[in-house]
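Take a look at the structures below.
In the two assemblies presented below, subunit A is common to both, partnered first by subunit B and then by subunit C.
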Partner chain A sequence: MIETLSRSGYLLVKIKIKEANLDVSDQFKTELINLIDQGETNLMVSFSDVAYVDSSFLGALVSVLKYAMAKQGSVSVVDLNKDIKNLFTLIRMNKVFKVYNTEQDVFA
Partner chain B sequence: MHKDTLSTMTEIKRDFTFSNDSLSMYPLLNEIISCLKIHLPSEHYDFKISNCKQILIELLTNAIKHSNTDITIISICINDASIEITKSDKGRKFYLNNYTGWPPLSWPLDKKYIGEKIKIYDDDISNLYAIIKSDNRIVFEIDEYPITKVTSNSNLLEHYGLLIMTKFSSRFYYLYNEETNVNQFTAIINV
Partner chain C sequence: MSDKFKKILLLDDEGFILQVISKALGREGFECMVASSVVQAIDILQQETPDIILSDYQMPIINGFDFRKIVLRDKRWRTIPFVFFTSVNDPEHIQTGLDMQVVDYIHKDTPIPMVVSKINNIIGTIKRQHEKSIQEIRTAAEALNLRSVPAQIPVIEGYNLRFLYQSFEDCPGGDFIDFIQIDGKYTFAVLGDVMGKKWGAWFFSFNFLSYIRSAIRLCVFDGDFSTASILQKINRVIVPDPVLGDVLSTLSLLMIEHETGKVHYSGAGDLPLVWYKAVQNECFSVESSGLLLGVLPDGQYDEKIINLQTGDQLIVVSDGLIDSETPDGKKSDYDLFFKKMNTVLGKKESFDLIKNVTFSTENSKEFVDDCSLIFIERK
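The block that comes next holds the complex of A and B.
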């Protein structure tokens, strides 16, 4: 469900599914919490393959953020399509998560 | 109404049946969005259609998670002023579980509660309320607070469905029809 790529200062977590919904939210949360427990406390989650996000998946992402912050870590998001970006903006998740348009923007 | 669209637009209504199965969700979502795009083809409506898409995702998710029945009808009504999206089912009624008074609220609601504002969710950045408008209708409203710094001590929700539907709609309400035992969530998006 996820693919990880080591970067300098963070781990890039690519979601390898199109539908980020209630069917996969618990598994996503478990897999990211396992990464944090393994010491990968700074995560950047890429939505490049994701068509839509529902509230269950968003709740899982917030849960992972809280878990990471409790361990002095962070969760940022990148590669959101137009609809997902609209979702993050309208419910102000763009103030809760650091949102990057592309991974290159991290170094800009 | 945008100038690119016909000024004499008639009301368009379509019903879609959802089997409350997550595998059917994406095909149905695309079918309904295609229908909206056919009737609202101008790029002017792209943002409104994006909002409709997220509302539909949440209504379908809500049907799977909470309606406790096998069939949901999603109705679309497009007119000059708005897009209305309604989810109807005969499953579980909406439960105002944060109401702390006694006796617990049940549908139809006692008329003495009309006007009461009941908290549904709250966290450090927003509160979601149900306002009792009549014995069979509640309207959802949000109070938002400034977001300063999010820390590990911040209280953040993990349940966003109703909040998303309220935020993405011009008006979002729940209606219970006692005679037909039908529950309806309706989102109205002004165009």
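The block that comes next holds the complex of A and C.
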């Protein structure tokens, strides 16, 4: 469900599904928590393949963030489509997560 | 058969078999997803959740038994009913297959109409069991008097206060609504949405409601009528809660001052309210700044004052109302929702229009989550 790519200072986690919903939220949370437990405390989650995200999945993402923060880590998000980006802004998830338009913006 | 329970994943390395079976099941109203290898079947499962899997045994590289083991290992897939459809008829082999928690083992020599009947029977049984389970939970909830929406709407002189709630696929979800009246002078309106879906979210809604009801009563008792302050206190309790702190919820908290028409509003990760101002004959959105309940100790809650004038209307909604199923897949679109509300608000019968149009049986089919709405009108 996810693909990981090592970067300097963080791990890029690509979500490889179109619909990020309740069916996959638990597994997503478990896989990311495992990564944090393995020492990957700075994660950047890429939504490049995701067309729709539901509240269950957002809940899982926030849980992962809280878990990372407890270990002095961070979770940021990148490559959100227009609808998902609007949703993040509407429900103030953009205040909780650092949102990047593209991965290049991290170094800008 | 209803639209639910009709997706089948067919796995067979013989293209002809796939074609014949999918055609026969397609005629019966089933949606068939076909795979000619286990790798292909897993690719499909990553994207879609079928209601039943029909799998061959003899296939190159990975056989049907190994596929079954893969399915059983994954908690997303292990509960999907699994049927072996194979030409192997050795009793020992059949027994091995049946021992792998499969619902049936159908021989390929079975006439096609009989295969279709068997599939129909299996799916019919699952559907009846599903309905029975829901009914049992519903009966238990009613017996315990558990309600996530109020049984009655409070009456406030000079106001029209209403609400709508639509469950998703006949299961209650994480949405909750409540009204709390204080001394006949103030009414608190509460609308929240526990992150999650169906029963999992529904169970938590009562815990959130308990905290919210207690916080409102305790704050008011101490003379604190600030919605932002109440919200911050609720959040402060939820963040360290070992269960709810990991569940998260949105919340729109409003306090109506009956006499003045002032509505105090604070929100936690909620959607903007829609305010129809009669004087301008126009709708405006009212945004709050607070974070979802349970995310961070400082929820950054602000308090907006909405001065409701005669003829003004205000609606509060859960996110189910901005999500819909479109030909291109699921979509969240608040702007579209706002435009729709713009056409129905400001009318004498606005609430009935929302009820009969937005929440109509036909439109409800597009919902992908439970949906809630509170309607406040100053007469």
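A few comments on the model shown:
Rule of thumb we're sticking to: the second predicted complex is superposed on the first by the 108 of 108 C-alpha atoms of A that agree within 3 Å, B and C clash if a C-alpha of one lies under 4 Å from a C-alpha of the other, contacts with A are read in each partner's own complex, and residues count from 1 in each chain.
The rule is simple: contacts are C-beta pairs under 8 Å (C-beta built on N, C-alpha and C of every residue); 3 or more make two chains touch, one makes a residue touch a chain.
None of these values were measured; they are calculated from a predicted model.
In the superposition on chain A, A:Val106 contacts neither subunit B nor subunit C.
Judged by the touch definition given at the top, the superposed model places A:Gln27 against subunit C, while subunit B stays out of reach.
Judged by the touch definition given at the top, the superposed model places A:Ser56 against both subunit B and subunit C.
Looking at the shared chain after the overlay, A:Arg92 reaches both subunit B and subunit C.
Once the two complexes are overlaid on the shared chain, A:Ala70 sits against subunit B while remaining clear of subunit C. Contact with subunit C, but none with subunit B, is seen for A:Ile17 once the two complexes are overlaid on the shared chain. Residue contacts after overlaying the shared chain place A:Met1 against subunit C, while subunit B stays out of touching range.
When the two complexes are laid over each other on chain A, subunit A has residues 18-19, 21-23, 51-56, 58-59, 62-63, 65-66, 83, 86-87, 90-92, 95-96 in contact with both subunit B and subunit C.
Across the complex, subunit A is touched by residues 46-47, 49, 75-76, 174, 193, 195-198, 200-201, 245-248, 250, 269-272, 289-292, 295-296, 300, 319, 323, 328-335, 368-369 of subunit C.
Those residues of subunit B that touch subunit A in the shared complex are 22, 25-26, 29, 47, 50-51, 53-54, 57-58, 61, 64-65, 125-126, 144, 147, 150-152, 154, 156-161, 163-164, 167-168.
Against subunit C, the residues of subunit A that register as touching in their complex are 1, 16-19, 21-24, 26-27, 51-56, 58-59, 62-63, 65-66, 83-84, 86-87, 90-93, 95-96.
On the side of subunit A, the complex with subunit B involves touching residues 18-19, 21-23, 51-56, 58-60, 62-63, 65-66, 69-70, 82-83, 86-87, 90-92, 95-96.
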